[in-house]
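Next up: some structures, all given as structure tokens.
Each of the two complexes below includes chain A, the first together with chain B, the second together with chain C.
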Partner chain A sequence: MTQKHIRSIDDLGQSGIEEILALSDHFHEVSTRRIPKVPALRGKTIALLFYEDSTRTRLSFETAAKRLSADSLNFSIGSSSVKKGESLRDTVETISAMGVDAIVVRHGSVGVPWLLPSWTGAAVINAGDGSHEHPTQALLDCYTIRNHLGELNGKKISIVGDIKHSRVARSNIKAFLALGASVTLVAPKTLMPFNTDDWGVDTTDQFDSVIEDSDVLYMLRMQLERQQSSYVPSLREYANEYGLSDIRTQNMKPKSLIMHPGPMNRGVEVSSNVKEHPKSVINNQVANGVIIRMSALYYLLGSGSETKFESFDDE
Partner chain B sequence: MADLERPDTPLGRGVFHERSEIMNADGVRRALWRMSHEILEQNSGLSGIVLVVLEVGGVHLARKLAENLLEIEKENVPVGTLDVAFYRDDIGIRQVTPSNPTDLPFDLSSQIVVLVDDVLFTGRTIRAAMDAIVDFGRPAAVQLAVMIDRGHRELPIRPDYVGKNVPTRRDELVDVTENGVLLGVMKDAKS
Partner chain C sequence: MSELLLQGGRVIDKSGDRLADVLIGSDGLITEIGKGLKGGKTLDVQGKIISSGFVDLNVYLGGPEDQQSETILSGTESAVKGGYTAVVAIAKDPVVADNASSAAAMIEISQDALCEIIVAGSATLHNDAETMSPLGEISGNGVKLFSASGPPLTGYQTTRRIMEYSQKYGITLLYSCSNSFLSPKGAMNEGAVSSLLGIPGIPKVAEAIEVFQLSQLALLTGASLHFQQISTAKSVEIISEAKSNGASITCEISPHHFSLDESLIASFDARYKVLPPLRTKQEIARVKDLITSFDAIATGHSPCQDHLKHQAYTDAPFGTIGLETALGASIKNLDLPLNEILRLLSWSPAEIAGIAETHGGHLIPGRPANLTVFDPDAAWVAKGTHMASKCSVTAFEDIELKGLVSHTLVDGELVVINGVVQDNKGKGDQN
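Showing the complex of A and B:
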């Protein structure tokens, strides 16, 4: 059996997404226990290779590994031989030689997760590659929406803000569409990618035109660190046109959700008290992050090979 | 048949071919009635007893046991379900896919836990179940009730309450429903 990876939502497809969401119901139950830990991945080692800063993604992967009884190796560039000039390939081969079963990688360059399998036999999870993809974020968003709205099929989801630089948007669009939702991208023309024609989504630059219709308003962070030139006249003007203000939340459907992948720029894409709004599920997203990452690790490392499966005869 | 195709008992893909009927519906009903009385006799009543069912096979048996216990003692016994997939010792050797999420809405500490399953075979599922149970508390005792003990144990585990002991071949399959117990084999869909 070839090694499974989660580098992109495309690696999973609809069936893979459904399988991970089904596993998540189990791990949700596990996380409510007195001892929120199972021995499922005992003896497995998971390396966390983060070339970019992260709080919630790295911590949730680490927590997920511990709750599955796997060991985790933490790697951050600040305290490693990367500072001495070690290449990505050498670093990956070094970690691989220590015997790891999965590598969770975040890197500023697009495509890094696709390079890794030629250097290591470990399963690869993409925790963000440049402005390309962030599949586990999309999975936890699907899980959060499904828990609050029942299913994604037929739901209208508007993704608002800095689409151009957002890996979250790219993974979420694929996952939402795979589960039957319709997606509208909302952004000023400068922050809208120019090749959206074959993405299967609607686009608009008028935020107010989608608010009443949307089942989910998915607010993206203004990625100030990835923006090399000014895409908006000022953050204040952006907040006026595309920020989710208290007045705008009043126009939302009765049963609808506010989501944000974090970290938030309060006062820019969302007003300062939106996280505490009754429609906001932003805190649920964080809690579901650990659960989804348990499912992702179990999906990759918990299954055996097909050949052994056939000869098995246990009750 | 749905039980046979459940993903956590992969006996190869194929179709179940019946060889013989081990018990009929009346036999299953009478065995459960006897086991209900044995549970009460062994524990001097129903106090402190909880039933913990192993997904998926034991569910209909536990429902019937609970009905019997209510009829005999006029008292409800708590019933919870347990999925042991994450405690199995063959994760990574084969595909281990959980069935339904665990649902144990009561504390197991100081209780007498009666595990309920349809078939006792290698004992590995019960080993996993015992590991899972201690994560939920420290029971006063753990007992085991199964409809069929088919032998071939690989661990030092024995049942406390048995519907019927049945000698089997390793490649055979035992199918337990409320309508009876069948012994058969899995064959290729083509043959």
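Showing the complex of A and C:
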């Protein structure tokens, strides 16, 4: 059998996404236990290879691994030979030689997760590659939406902000479409990908035109340095045109959601108290992150079959 | 060197195409061309083409400052294996002949080569496009080609002055139109694929804009220009128009730009990272429709240490090796008669390089025997590890090609026999 990976939502397709969401219901139950830990991946070793700082995602994976009783190895850029100029290939081969079952990798350059399988037999999870993909973020977003709106099929989801540089957007678009939602991308043309003809999405630079119709407003983080490169004239103007202000939240339809992958720039893409808005599920996204990553690890390293759920029992 | 008879081949040169034997004297000159020749050591080349040797206008061979990417020896082994009898060593960081002594040093080490090397100078100090280098002093070494990187972001004053000043010395300026002014971080063609992959794109128009500006300056000044690695149809149209208005301009295309399209980059393999970037299938078709407007096929051979190409796509350097795949890619992917392909590989670039007396041209008695013998129908699959270049990362890896060099003669000497480089120059430790 060829090794499974989660490098892109494309590696999963609709059935893979559904399988992970189904697993997540079980792991959600586990997370409510007094001791939220199961021996499902006992004896497995998971390496976390983070070339970019990301405390949130790394902690989320690390927690997920611990709750599955897997061992985790941490390779962060500041504390390893990476800093001493060791090549990506040598680092991966070294980690692989230590005997790991999965490598969770985050890298500032696109495509790194695709290079790894030629150097290691371990399963690869993409925890973010440049502006390309961040599939576990998309999975936790799908799980969050499904939990609040029942299903994604037929829902209208608007992704707002710096689509061009967003790996979250690229993975989410694929996942949302795979589950039957329709997607509208909202951004000034400078922050919209050059060509989205084949993406199966609508695009607009008029935020106000989508607010009333959207079941989900998915706000992306605005990189503060974008104004220096003239993508937008100023963050103030961006906030006026594309920020989710209190007035805009009033125009949202009933039973709609506000989401954000974090970390937020309060006062830029969202007004200062949007996270606490009744429609906001931003805190749920974070909580679901651990559950989804447990599912992703189990999907790759576990038996992969729901008949083996006895192994989820307490030790 | 003893007399050598190439027997039974089909001779193709600038004057045409005929079945003939070629007799080469012990002085390395062609003695006679005709049917039923006798004498010397006989080499049966039945079913093969005997062409005037190939000339590559765009090759990086390393140099005194860089022995790790390639050496004069490994680079010219690669060249002769690909059928080249002469290559132009372009100025590229860190090997930049921007003064008379650095040019002389490069010419000096070029004596170790297996084929002729024409050293190109740099038209600006440090190849930075800002300050003109001493063109007169450098050309005193016989250097007539100068790499002139694109216009500096500060403006065209220096560019114009180089174009004007260079004419006294009969210099041809080599321009690569891949300025990053529209795409500082660009790493592939801008379009649907770059959008999907999240890789910063380089728009097609960036090349066309630069070609247009430089063409207009060529018309204004009367300078002689050669455009390197043209990759878009729009650029070709602009060049053709400037030519028809009297500009002294030539241009080249690289085999990867008419053979490989951007969809390969979805593998994230940096072997496909080249500059100008691989374009779309549609753009390649448009460029191929205009292929007869080109003056040369040049490889842009850009070796680097292998491990640099094994980095993440956006971190790896641009460039691919190309000397050993040019013929095979050209026959396989260009829908052109052989004599037209050989015009682009041999006699037209020989004229641009200013070596038409000894390379390319008409194969007639008295000329040095710079010849390439190849099987135009041989199908083979490219493998970087089989190549003579020090660099084993090629954009053509595992790609099927058609047309394979069996013998290369440089000044009458067989430097490649049955595809194997004959290292008579005392090949040292390559590593």
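Here is the rule we use: the second predicted complex is superposed on the first by the 298 of 315 C-alpha atoms of A that agree within 3 Å, B and C clash if a C-alpha of one lies under 4 Å from a C-alpha of the other, contacts with A are read in each partner's own complex, and residues count from 1 in each chain.
Heads up, the rule we're going with is that a residue touches a chain if its C-beta (ideal position, glycine included) is under 8 Å from a C-beta of that chain, and two chains touch if they have at least 3 such contacts.
All of these numbers come straight from a predicted model, not from anything done at the bench.
Under the stated touch criterion, which partner chain does A:Ser87 make contact with: chain B (first), chain C (second), both, or neither?
Once the two structures are laid over each other on A, A:Ser87 reaches chain C alone.
In the overlay, answer first, second, both or neither for which of chain B and chain C A:Ser109 touches.
Touch status of A:Ser109: second partner only.
I'd like to know which partner A:Ile9 touches here: chain B for first, chain C for second, both or neither.
In the superposition, A:Ile9 touches no partner, neither chain B nor chain C.
Between chain B (first) and chain C (second), which does A:Val216 come into contact with in this model arrangement: first, second, both, or neither?
neither
For A:Val38, is the partner it touches chain B (first), chain C (second), both, or none of the two (neither)?
So A:Val38 only meets chain B here.
In the superposed arrangement, which partner chain does A:Gly302 touch: chain B (first), chain C (second), both, or neither?
first
Go through the superposed model and pick first if A:Ile282 touches only chain B, second if only chain C, both, or neither.
Neither partner.
Touching A:His28 in the superposition: chain B (first), chain C (second), both, neither?
first
Report the residues of chain A in contact with chain B in the complex, numbered from low to high.
Touch residues, chain A against chain B: 23, 25-26, 28-30, 33-35, 37-41, 44, 68, 298, 301-304, 308-310, 312-315.
Give the list of chain C residues in touch with chain A in this complex.
It is residues 190-192, 194-199, 201, 267-269, 307, 310-315 of chain C that touch chain A.
Quick one: which bits of chain B touch chain A in the complex? Just the residue numbers, please.
9-12, 83, 85-87, 90-96, 98, 101-103, 119-122, 124-125, 131-132, 135-137, 150, 170-171, 174
Tell me, which parts of chain A touch chain C in their complex?
87-89, 107, 109-112, 114-115, 130-133, 165, 167, 170, 193-199
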